[in-house]
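Structure incoming, see below.
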Amino acid sequence: MEMFSDGVIAILITIMVLELKVPAGDHLSDLHRVWPVLGSYVLSFVIIGIYWNNHHHMLRATDRINGAVLWANLHLLFWLSLFPFGTAWMGENHFARTPTAVYGVVLLAAAIAYYVLQTLILRALGPGSALERAIGSDLKGKLSPVIYIAGILLTFVNHWLGLAAYVVVALMWLIPDRRIEPALLVTADGRRG
Amino acid sequence: MEMFSDGVIAILITIMVLELKVPAGDHLSDLHRVWPVLGSYVLSFVIIGIYWNNHHHMLRATDRINGAVLWANLHLLFWLSLFPFGTAWMGENHFARTPTAVYGVVLLAAAIAYYVLQTLILRALGPGSALERAIGSDLKGKLSPVIYIAGILLTFVNHWLGLAAYVVVALMWLIPDRRIEPALLVTADGRRG
Amino acid sequence: MEMFSDGVIAILITIMVLELKVPAGDHLSDLHRVWPVLGSYVLSFVIIGIYWNNHHHMLRATDRINGAVLWANLHLLFWLSLFPFGTAWMGENHFARTPTAVYGVVLLAAAIAYYVLQTLILRALGPGSALERAIGSDLKGKLSPVIYIAGILLTFVNHWLGLAAYVVVALMWLIPDRRIEPALLVTADGRRG
Amino acid sequence: MEMFSDGVIAILITIMVLELKVPAGDHLSDLHRVWPVLGSYVLSFVIIGIYWNNHHHMLRATDRINGAVLWANLHLLFWLSLFPFGTAWMGENHFARTPTAVYGVVLLAAAIAYYVLQTLILRALGPGSALERAIGSDLKGKLSPVIYIAGILLTFVNHWLGLAAYVVVALMWLIPDRRIEPALLVTADGRRG
């Protein structure tokens, strides 16, 4: 499951670039139409990078899966697979209100799908697992959907505010993506639940 | 063979999303044309997810292959590779009769190809294998092609009835996709044929 | 190198299907334009399947590589990567003379690249290797380029004759794709060079 | 991380070929428009092949990573993911000045990203590592960005001169891509820092 998921995520992060359509002319000004798509591509690249990293560490720390975990994982991959679509629609329309809100809905759905997957894995592992200690109170996991919802609503005030909310979530995750690793290293060295 | 197949299936399930063409406008109403394609994409995503899961477990339980098994596997991958085409044609034409029937033919061919592959693997493993016991009477494997044929014929009555038949097969498989695993766990704990 | 090559081949065999353009209409007659592309897709699928199989077995039997082998491998992957282009051009033009001849040139180049790779691997392994015994006189490896050249020339007489030559090579390889495996099994059981 | 990176690079090197648009006509003259795109594709194929090779060996020699290394790796993959875009834009415009200069900027950014990744890995491994000895003074790693900058500036004199500079860097790397391997073999045989 880990390899299949890694494969799907590697393909997703790469085929997004196919939406970067080659401009017709050969002047620097012809690149102007590309910038917004490139900008939304960079944001999605970072977000999928964060998902790959967290997801990979979570599955590494998971030695027991069941049917529910498996389908929760495919459910997450489904929402991630809509990133190329959402990214391109938002970028090609220069971050207009509706595409930016729809992009936020995809982000929100993926965040919820991740949370569901994590909850099912923790349940499959049982209480006292190393993963459970590593995740802890999971403040970020709980904050992310809230900020996404705020971002979606903010697009109706100003679409740049909505986009800013999505960027805030990405930045929030960029810093502590090592949160699982150290905790697991500690337990690997010493006691194990 | 297992890794190559997993790779092909991961790529298939992902490139299907490339058929979700980004709409020209930036209004919510511009998404209306996308819904049917998204709907057929969800159905194909679930069906390929089921294939990946069953196929992965079957190959895991297979420690002996030969040339016939190898080509039966490629034969299955060939029909699965037609899913993006069938999915997009059906979705873009709002589940019209002919594309829905053709989609059913692809589903039927894949189901038969899976059955052939399974039969050849069981023959290569010889009688009394753990996989044989896990598969048992294979009621679903035998029912699926029958329901698909019924679905293809039903599209000529009403295309939604045909689609409903395909959905029934997907739901039927969603429930017991763990059927191989538990049986194998039992044999791993205790006796092995 | 084995995994990277398997990955590239898995992607190639899958993205070829993206050239199967979804027809505009929803009638069975709209599929008529798809048939030749589907036909050329089937041929390329089988040929790439043969390459994957032979290549995979060859690398499995290779425990020593060097820079020359590595670049010979990338050289083979380069020619294989032109299959989607050649396949689509031939199919969309209903096997017209020039695209069919160009397709043959790609087949020929891939066959030569495979032969070069095999020769460099045998040289790296040194004389008396299991792979050397398994390959033997390599009649097919030597015949294939000859038949491809004949096929390319035959397209100028009749393009169907050229296509027939390519099909003959594919059929020739379909039968003994297990030639390496049994020989290796023998050496694994008993003596090793 | 190694497998994910290999997967992304395998996908990149393959999807670049999707930019080789199938010509409308079926005459040899219809291929004329394809030649420049094919030419730029060959160059990018070789460059990505070099990256894959060096990157793969570097990660193999890396037994310790941290968050900074992980994101430096994704940063490199990001710039590599812009190769299909840059390659197609340059090829479709017959190596015109601006697209050729922009292609050079992507090459430069990838070279810098590789250097940053290498520096962070060396720091994570600590002084005296086998990788450090294998890389040595890293003349090529330091020369590449300089030649790329020269190439970008040269496109404003003559775009073929700029292209020639990029080809020089590729040729420079083609020869010693085994530089890490032998040094590691030596240390594996004997002393290890």
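Here the chain labels run A, B, C and D in written order, and each chain numbers its own residues starting at 1.
Simple rule for what comes next: a contact is a pair of C-beta atoms (placed from the backbone, for glycine too) under 8 Å apart; a residue touches a chain by one contact, two chains touch by 3 or more.
Note that the structure is a prediction, hence the values are computed from the model and not measured.
Taking each chain's centre as the mean of its C-alpha atoms, give the chain farthest from chain C.
A
Could you please state the distance in Å, as a whole number, between where the Cα atoms of chain A are centred and where those of chain C are centred?
Averaging C-alpha atoms per chain gives centres 38 Å apart.
Would you mind pulling out the distance in Å between where the CA atoms of chain A average out and where those of chain B do?
Centre-to-centre distance between chain A and chain B: 27 Å.
Tell me, which residues of chain C touch at least two other chains?
Chain C, residues with two or more chain partners: 3, 7, 11, 15, 18.
Line, ring, star, complete or other: which one describes how these chains touch?
Ring.
Residue numbers of chain D touching chain C in their complex, please.
3, 6-7, 9-11, 13-15, 17-18, 20, 22-23, 26-28, 31, 42, 45-46, 49, 52-53, 56, 174, 177-178
Can you check the complex and tell me which residues of chain D touch chain A?
Answer in residue numbers: 3-4, 7-8, 11-12, 15, 18-19, 66-67, 70-71, 74, 77-78, 81-82, 84-85, 88-89, 92-93, 96-99, 102.
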